[in-house]
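Next come two complexes built around chain A: one with chain B, the other with chain C.
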Partner chain A sequence: MKLLKIILLIALLAVFIAFPFVFSDPATTTIAVFTLFFAAAAVGWNIFSGYTGYIALGHAVYFGIGAYAMALLCQYWKIPAGYAPFFLLPLTGLIAAAFAVPFGWIALRTRRHTFVVITIATFFIMQLMAYNLRFITQGSAGLSLPIPFDWSADFFNLPFYFVALAILLLALGTSWWVRNSKYGLGLLAIRDDEDRALGLGVNTGPFKLVAFVISAFFVGMVGGLHAYFNSSIFPPFAFDALFDVAIALMAFLGGMGTLFGPILGALILVPAQQYLTIISQSSGYNLIMYGVIFLAIILLLPEGIIPTLSKRWNKWKASRNSSKLTSAIATSPGSEDSIVVESSGKGVEQ
Partner chain B sequence: MSLLEVQNVSKAFGGIQALNTCSLGVEQGSISGLIGPNGSGKTTLFNVITGYEKVDTGTIRFSTQTITNAKPDNVFRLGIGRTFQLTRIFPRLTVMENMHVAAQREGARALLSRWSSTHEQKRALDLLDFVGLTQLKEMPAANLSYGQKKLLEFAFVLIAEPQVILLDEPAGGINPTLIHQVAERIRTLNKSGVTFLVVEHNMEFVMGLCEKITVMHRGATIAEGTPQEVRTNPAVLEAYLGD
Partner chain C sequence: MANLNLILGAVITGILTGGVYALMSSGLTLIFGVMEIINIAQGALVILGAYLSYWLQANYHVDLLVGLLITMPIMFFLGLLIEIVFIRPLKLNRTMLSILVTFAIAMIIEGVLTNRVGANYVELNAWYVDASFKIGNFYLPYIYVFGFLLSVFLLSCLYLLLYRTKFGYSLRASMQNRTAAELIGIDIERVSAITFGIGVALAAAGGVAFGATNLFNPASHYDLISRLLVIIVLGGLGSLRGALVASIAMLVIGDVTAVVWSPVWSSTIFFIILVAVLVIRPQGLFGQPEGRKQ
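On to the complex of A and B.
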C-alpha cells in the first residue's frame, strides 16, 4: 500500500514536470503557471488555517508584501532580468514572514469570527498603505520589475512554471512534515478544542503563531514570483481581496486540513476561472463562479472533496466487511453477539 | 504537608460568589473525594486549580510551588492532570492521536519530532489496554460512546504521568459495570503513587473509593473526614436536605 502511494506520487510528479512540454502552447502554460501559483499559496495557507481551524482571510497581505519586496529589492540591488530575481524569492518569503509575526501576534489574541474580521482588516490597512506610502510604493502608479526580453514567448512561462512547482513541492513537504510532527498534532488539537489542548500542556499561543508565520512565508514567495511574472505591480493587484477568498475557497473545495486538498481545489478552480475569463472576454464571471461554487460546497460537500470521498470509501469498506461478517455469523451460530458488537465498532470490552 | 493546597480562595462571577474563602488540602498518595450539592463550587474549584479561571483572592500551592493563576499548560506540565464533567476529547482525531496530544515536547523540539516515538507508542497502547479501548485505536474519537470518551480522556491525561489527577464526575452517565471498572483503575493507579481528587455525585462510588471526603456548600468547605464521619455530620445533611 505504501509502495503504491509512492509510485502514484512519483507518477503525479512526472505528469507535472512533463505538462509544459506536452502542452507547450503559451496560453495553456500561462494557465498552468497561475494554477501552480495558487496551489502553492493554498497549500501554505492550509498549514495555518487548515490545521488550526482559524480561518485567515487576509493572506493577500503576505502575497502583496512578497510582491512589493520583490520589486523593491530588484530596484535597490539593480538586479538584472533573467534567472537572478528567482534567487530573491526566499528573501521575499522571509520578509512576508517577518510582517506576519506582529500581525499574527495581534490577530491571534482573538478567536473565530473576531479573528476572521481582524485578518480582513489587516488586508485593507495594507492595501491603503500601498496606495499612500508613495515614497516606497509609488502609490497607484505602481512599480515595474525587470523584464527578461531575451526569453522568447514560447520559453517565457517555463522558468516560472518550474520555480512555482518547486515552491509548491516545498510547501507540500513542509505541510507533510508539520502534519506528522508532534507540533502538527498540537495544531489539530487546537482545531478541535483549543482550551482542552492548553490544559494538556500544548503551548497554544506560540503554536498558532508559528503556523501563521510559516503560511505567510509560502504566500510571500508566491507573491514575489507573481510580481516578477507580471513584471509590474499595482496596489489593487498586489493586495487583492479576491486572492484572500480564492485560496480559502480552494482549500475548502479540496478539503481543509488535508495534504492534497488545496492542490486539488486549485487544479479545479484556477483553470475554470481562467477559461471563463477567456471565453467571456470579461473578468466578472469568475466572481459569480466563486459564489456559486462556495454555495455548492456548503450544501453538498461541507468537508471538501477529499474528506468526503475518503469517508464514503471507508463506509463502503466497512459495509463490505460487515456483510462478510454477517455471512460468517450465519455459518457459526452462538457467536452472534460478540461479532455484532465488534463490527459496529462501538462495543466496550467489559 | 499536603501535596496540593488551596487556601482561602474566593472567586465571584458578577454577583454570584462561586468560591467563598474556600480551603482544601490533598495529601500525597491519597484518593480524596469532593462532594456537595449542585452549584456548590466544586467545578469552579477545579477550574481555578488548573488555571482555567483566575482567583479573586487566596493562594493555591502544589508541592513546593505557588500556582495561583498559573496558565493551564504550565499547571499541567507541573503534574496536575484533570478530566472534565462534560468530557472533552478531540473528536476529529483518532483515538490513538488523542493519546499523544498530552505528551508534548519542550519548545522547538515539537516541530522536529514525529508525533509519537516508539516508546510513546508503546505507552499509549498500554494505557489504551488499561482502559480497554485498544480495539478502537484507529477510530475517530467522535464515534466513541459517552462512556468510552470518558475512558479515553482518563487515559490521555495519564500519558503525561501526572502526580495528581482531578476527576470531575468520572462515574456520571456511565453504566454500573463501567463504573466498577473506573473505580478499579483509579485504585490501581493510586497504588502506583498517583494522587486523586474526585468530584462525584454518585455517593456509593465516592464513599467506596475515597479515604477522605471534603464537603462543599455555597463556595466553602463545610466538613471534612472519613466517609463515615461525613455521612453522619449534621452540617452535611443540612446542606443536602436543608433550605
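On to the complex of A and C.
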C-alpha cells in the first residue's frame, strides 16, 4: 500500500515535469504557471489556516511584500535579467516572513471572527501603504523589474514553471513534515479545541505564530516569483483582495488541512478562472461566474473534495468488509474484528 | 492654528457622516450578534441600495429619500432570500463558511452591477446634495444633515424594535445565547432571517446617504466593507452601542486627519487605530471577552 502511494507520487511528479514539454503552447504553459503559483501559495496558506483552523484572509499582504521585495532588491542590487532573480526568492520569502511576525502576533491575540477581520484589515493597511509610501513603492505608478529579453516566447514560461514547481514541492514537503510531526499534532489540537490544547500543555501562542510565519514565507516567495513573471507591479496587483480569497477557496475546495487538497483545488480553479476570463465578453461576467462557482462549491461540498471522497471510500470499504465479515462470522465468530476493521478504516482518512 | 475653523468643520462632518456609517455598521453588527456570521456582502449591498435609488431617480424621478420607501422593503426581502437560500444550509463550520459565502455574494453583486451599469463612477443627486448652508465660516451641504437625521430616525426605530416589541425580546435573547433561546421556544431561524433582512434594509438606507456624499462604482464595496469591518471590530462584535461610538469616533478622526495632514492618510489612520486598540483590548471597546464555546 505504501509502495503504491510512493509510485503514484513519483508518477504524478513525472506528469508535472513532462507537462510543459508535451503541451508546449505558450498559452497553455502560462495557465500552468499560474496554476503552480496558486497551488504553492494555497499549500503555504494551508500550513497555517488548514492545520490551526484560523482562517487568514490577508495573505495577499505577504504576496505583495514578496513582490515589492523582489522589485526593490532587483533595482537596488542592479540584478540583470535572466536566472539571477530566482536566487533572490528565498530572501523575498524571508522578508515576507519577517513582516508576518508582528502582524501575526497582533492578529493572533484574537480568535475566530475578530482574527479574520484583523487579517483583512492588515491587507487594507498594506494596500494603502503601497499607494501612499511613494518614496519606496512609486505609488500607483508601480515598479518595473528586469525583463529577460533573450528568452524566446516559447522558452519564457519554462524557467518560471520549474521554479514554481520547486517552491510547490518545498511547500508540500514542509506541509508533510508539519502534518507528521509532534508540532503538527499541536496545531491540529489547536484547531479542535484551543483551550483544551493549552490546558494539556501545547504552547499555543508560539505554535500558531510559527505556522503563520511559515505560511507567509511560502506566499512571499510566490509573490516574488509572480512579480518577476509579470515584470511590473502595481499596488492593486500586488495586494489583490481576490488573491486573499482565491487561495482560501482552493484549500476549501480540495479539503482544508489535507496535504493535497490545496493543490487539487488550484488545479481545478485556476484553469477555470483563466478560461472564464478569456471567454467572458461583457465586463463583470467573470466575477458573476466565479462567485457562482464559489457558492456551489461551499454549499455542495462544505468539507472539500478529498475529505468527502475519503469518507465515501471508507464507508464503502467498511460496508464491503462488514458484508464479508457477516459471511465469515458463520464459520468463526469474532465480532471484535469488525470493530478493528472500522477503526483502521478511519485511520486511513487523510 | 489658523486652521481651527477647518478642524471644527472636519469634526462636524465627521459626526454627521459617522451617523451614516453607524447605520450601515449597525446592520452588520446586528447580523453578527444574532447569527454569529460576518456579512462580507454588506458593503456590496450598500452599493446595490445606492444604485437602486440611482435607478429609481433616473428613470422615474423618485426623490432619493422617498425612494427609500421602495428600496428598503425590496432590500429587506433580498436579505431574507439570501439568508434562507445561502446562509441557512450551512451547518458545519458555518462561521468560516459564511464569510466565504457572503464574499461570493458580494462578488456576484459587483459582477451584476458592473455588467448592467458599467464601472463608471456615479453620484446620487437631489437639490439637497448641491445646496448648502453656512455655519460659522463653513459651508455644509444639506445632505450631510439629512443623512444624519435619517440615521438617527432609523436607529431610533431599530431601538424601539429591539427594546419595545416581542420580536425584539426574541432577537436579544438570540443574541445572548442562541442555544438557550432555541430551548425556550424561540424560532431562531425566523429571527435570523428577519434580522438579516433588517440588516440589509439598513444597508440600503445607508447606501442613499453614502451615494449622495461619495462618488461610487460597483467596486467601491471593498473599501466600504473594510471600513465597516474595522468599525464593528473596534466597537466590539455584536455590540450596537460599540458600532455607534466607533463609527463616529473613526469618521471624526479620519476627517480631522484629512484636514491637518493629508486625505491619503485618513484611511490608514483608521486601521492603525484598530490595531492599537486591539493590542490592548482584543475584544474591542464594548465587546464581551470571548469565552469557551459550549
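Here is the rule we go by: the second predicted complex is superposed on the first by the 321 of 350 C-alpha atoms of A that agree within 3 Å, B and C clash if a C-alpha of one lies under 4 Å from a C-alpha of the other, contacts with A are read in each partner's own complex, and residues count from 1 in each chain.
Basically, a contact is a pair of C-beta atoms (placed from the backbone, for glycine too) under 8 Å apart; a residue touches a chain by one contact, two chains touch by 3 or more.
All of these numbers come straight from a predicted model, not from anything done at the bench.
**Student:** Applying the touch criterion given at the start, work out whether A:Leu188 contacts chain B, chain C, both or neither, answering first, second, both or neither.
**Tutor:** first
**Student:** Applying the touch criterion given at the start, work out whether A:Asp150 contacts chain B, chain C, both or neither, answering first, second, both or neither.
**Tutor:** neither
**Student:** In the superposed model, which partner reaches more residues of chain A, chain B or chain C?
**Tutor:** C
**Student:** Report for A:Val117: first if it touches chain B alone, second if chain C alone, otherwise both or neither.
**Tutor:** The second partner, chain C, only.
**Student:** Touch test for A:Gly199: chain B only (first), chain C only (second), both, or neither?
**Tutor:** It touches chain B, and chain C stays clear.
**Student:** Pick one for A:Pro302: touches chain B only (first), chain C only (second), both, or neither.
**Tutor:** It touches chain C, and chain B stays clear.
**Student:** For A:Phe252, select first, second, both or neither according to whether it touches chain B, chain C, the two together, or no partner.
**Tutor:** second
**Student:** Is A:Gly284 touching anything from chain B or chain C once the two structures are fitted on A? First, second, both or neither.
**Tutor:** Touch partner of A:Gly284: chain C, not chain B.
**Student:** Find the residues of chain A that appear in the contact set with chain B and again in the contact set with chain C.
**Tutor:** Looking at chain A, the two contact sets intersect at 195.
**Student:** Using the touch definition from the top, list the residues of chain A that touch chain B in their complex.
**Tutor:** 178, 180-186, 188-189, 191-193, 195-204, 207, 210, 342, 345-346, 348-350
**Student:** Residue numbers of chain B touching chain A in their complex, please.
**Tutor:** 50-52, 71-73, 75-77, 81-82, 84, 88-93, 97, 100-105, 109-116, 132-133, 135-136, 139, 143-145, 147-148, 151, 156-157, 160, 177-178, 181
**Student:** Mind listing the chain C positions that touch chain A in their complex?
**Tutor:** Per the touch definition, chain C meets chain A at residues 32, 36, 38, 86, 89-93, 95-97, 99-101, 103-108, 110-116, 118-119, 218, 222, 226, 229-230, 232-233, 237, 264-265, 267-268, 271-272, 274-275, 278-279, 282-284, 290, 292.
**Student:** Touching chain C in the complex: which residues of chain A?
**Tutor:** 55, 57, 106, 109-114, 116-118, 120-122, 124-125, 128-129, 131-132, 195, 241, 245, 248-249, 252, 282-292, 294-295, 298-299, 302-303
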